[in-house]
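Input: one structure, supplied below.
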């Protein structure tokens, strides 16, 4: 008899145990970032930020009691690898959603894969064509280029500067920006007098800038990511170029000021609010998260969190929000992501709808200027 | 707009970039001449020069001159170790296996640099001031003068070394005929060792002196190495003026192409002209045609 | 000679049997790309291993094939099969025209010239934004189709691409054993001597260069239609170097070696994922060590192991008998 009771209780114990374990199976989230390769300046902070969010969710008890498991792979900025790894995440790791990739090219390459498998993807790339036209499964957190371009053009319009020269980097980031800069010029009454590109690894732009100096342009807009724009700023100073110099949000981190040195003074650029978090008015709904993000990132990784990391942070938080609203079936997650309303993240205030998977308005950007080796808001 | 001041600026920009290519190209030529190896890892020593100097200067807070000296020493040691561990043990080296080994070496060195110093780009302070100099309506940075000066110095030193010292003469002998050189008692292995030491030191020096202008990061070696390789090829792999002229020509073509035609296509323009040069003079621009030994 | 064909048949059977072991995992997807890489490595091996001519710009033919096929289908709505033929013919003609001046060059000058050509193509793909979509790539390329069979899954693509790869291998084995193959080897050993023996070395080199380019262009077309997205970054200098590495690591002049090289370099990055950030270091180290200690490549290594095993077996048998 005793033995019977014992084995019965053992049986019950095992049952409860396995039931409990079943309930607390971790939620698997995939991540594709180019931690190495040319876009590593995007991928590394993105991976770090995503892991940071996953850890903090787990520390505070998980999502509805379940732990989050982030499975992240490095694409090296290569579209072929990104496709293979997306397949791996979906077929072998059986993730419920994917965040990343870091660049527009990789995202475009991965889109057919996630669409066929029916797994939601929150891209951290800026290209407008990722979400236009809207794909049921694909969302993005990085601000659209067109918003950044509009911010610069509106300022130029206000200052009555209507002739510009463009110098863009010949990679995905630059060509997407260039497309927007040309497309929006007419609507803002701006004429483009010079439109050229430079290679991502070029070390001298004096030839291009000399030619620009010879045109009637009143402002120079350079679209690229470090270190190219720093070279442009330095060479412009060397040549004594008088026109104001605008950069893209691709260089909105302290790194640009460090690289360009004195030449950075007076450079203006549109940026997410994260680099000016400390001077934002307290009424700004984003301020709370921004300060927390910058501080926590600094604590873990010794450098200030930038808005690239912010893209992944936003993606994880939006995903968390969607998971809290329902079960963890990919289709439910995608449907619930579309119900995200006024989430005040790092990149801006997100509101996804079935017709808008980018979710941001123009107020996601502020125009900043370099003064005394720091960023200040341009009023 | 008047074209003349623009043209002078293009010329100055082109020549200053060209001097950088020339300095890197010389490293290729020296190793090639004494060993017949195209060292695809040459660009990585340029990177090491810059990155190491930044490390000693900014992190360990050494004075600039000391940092530079230590950086050159460390890079040379790495170059020598590379030769000892990978080139020397080979029994029957073929040109192709050498290409793969040096490419493997370059990937390895780049990877280690990335792990140790991270992926960030860094900049070095200029050696003497940041105020541009105006020459004939064109501006150059003081750092450009350093580059020109150093290139001249390196050519002079090369000339002296290869023509007036025993080791230099022995290295030249190796480049003409290794078997014959070893027959007259030249230690060919020592010469190979020496050529790696010299070229990695030169690469590192080039990397240090250009870093204040072009900045430095773990991955700058690839592109600079490629351009230096081109310079050496145009110059017919000579370890003297040929390569320097090759580098200057490449720089000029790029700058004029960017200024006058299209900056997006500037590398393509430079390479098309290079291809044409090679089609007309398959033995390189500045070297005499050799009859093939059968 | 017979042994090569026997080996080929065994290999083909193995290739067609492999998918039964993978239930649609991502590894199958990797194997699809391995097929494309095998085609490219075999094509380059014809030039590098048989004719002894280096090319550091072979990724450009791959890229031109992919873009030609991609643009004609995605932008102009051509039939994918037709565009692949057009792409192959176009790239073949280009290579034929380019071959005459470029193959006059020797050694590192040839390396430089092919490298330059590769970079020119890469820049043109990047800069002609209206045509190619520029650096952000070209999307919406349709899958291939036979009748109602649409090649949209990994399994279907596996069979499609490996059929092409096997045909390429068979063709190359045939070529190697033909009069042309012998003439090519003669050029490899001494071009002057082969000319004296009456081989039209120049024309033959150009022809093999064009054939190699055509196969690469077909591989490019297949790549474009399976990925349905292409961007210039996949066709740069790095990939050209990777192709040369596949051929050399696999073993110069060995068709199965090219497969081994392609297989290793496709799988290696996947295996190295375990070591995370250290993968690039391990990768570089492996390249060095393998070239140092396997001068005849993987094919030579496998053959040596085989001989070693056999001699041991023979000895064991002898011992047992003795």
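For clarity, chains are labelled A, B and C in written order, and residue numbers in each chain start from 1.
In this text, a residue touches a chain if its C-beta (ideal position, glycine included) is under 8 Å from a C-beta of that chain, and two chains touch if they have at least 3 such contacts.
Quick caveat: nothing in here was measured; it's all calculated off a predicted structure.
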| item | value |
| --- | --- |
| Contact-graph separation of chain B and chain C, given in steps at minimum | 1 |
| Most widely separated chain from chain B, with each centre as the mean of CA atoms | A |
| For chain B paired with chain C, centre-to-centre distance based on mean C-alpha positions, whole Å | 32 |
| Euclidean distance of C-alpha centroids - chain A vs chain C, Å | 36 |
| Per-residue overlap in chain B, given as positions that touch at least 2 other chains | 114, 262, 264, 267 |
| Contacts with 2+ other chains: residues of chain A | 36, 170, 197 |
| For chain C, residues that touch 2 or more chains besides their own | 126-127, 277, 280 |
| Residues of chain B that touch chain A when the two form their complex | 1, 6, 9-10, 12-14, 16-17, 20, 114, 119-123, 130, 132, 139-141, 210, 213-215, 217, 219-220, 222-224, 254-256, 258-259, 262-264, 266-267 |
| Contact set on chain C toward chain A in their complex | 24-27, 29-30, 33, 126-127, 129, 134-137, 139, 152, 154, 227-231, 233-234, 269-270, 273, 276-277, 280 |
| In the complex, chain B residues that touch chain C | 32, 38, 86, 89-92, 94-97, 99-101, 103-112, 114-115, 226, 229-230, 233, 237, 262, 264-265, 267-268, 271-272, 274-275, 278-279, 282-284, 292, 294 |
| Residues of chain A touching chain C in the complex | 35-36, 73-74, 77-81, 83-85, 87-88, 90-92, 104-105, 108-109, 111-112, 116, 127, 129, 170-172, 174-176, 179, 197 |
| Chain A residues touching chain B - in the complex, by the definition given at the top | 36, 38, 40-41, 44, 167, 170, 196-199, 201, 203-204, 206-208, 210-211, 214-215, 226-227, 230-231, 234, 237-240, 255, 258-259, 261-262 |
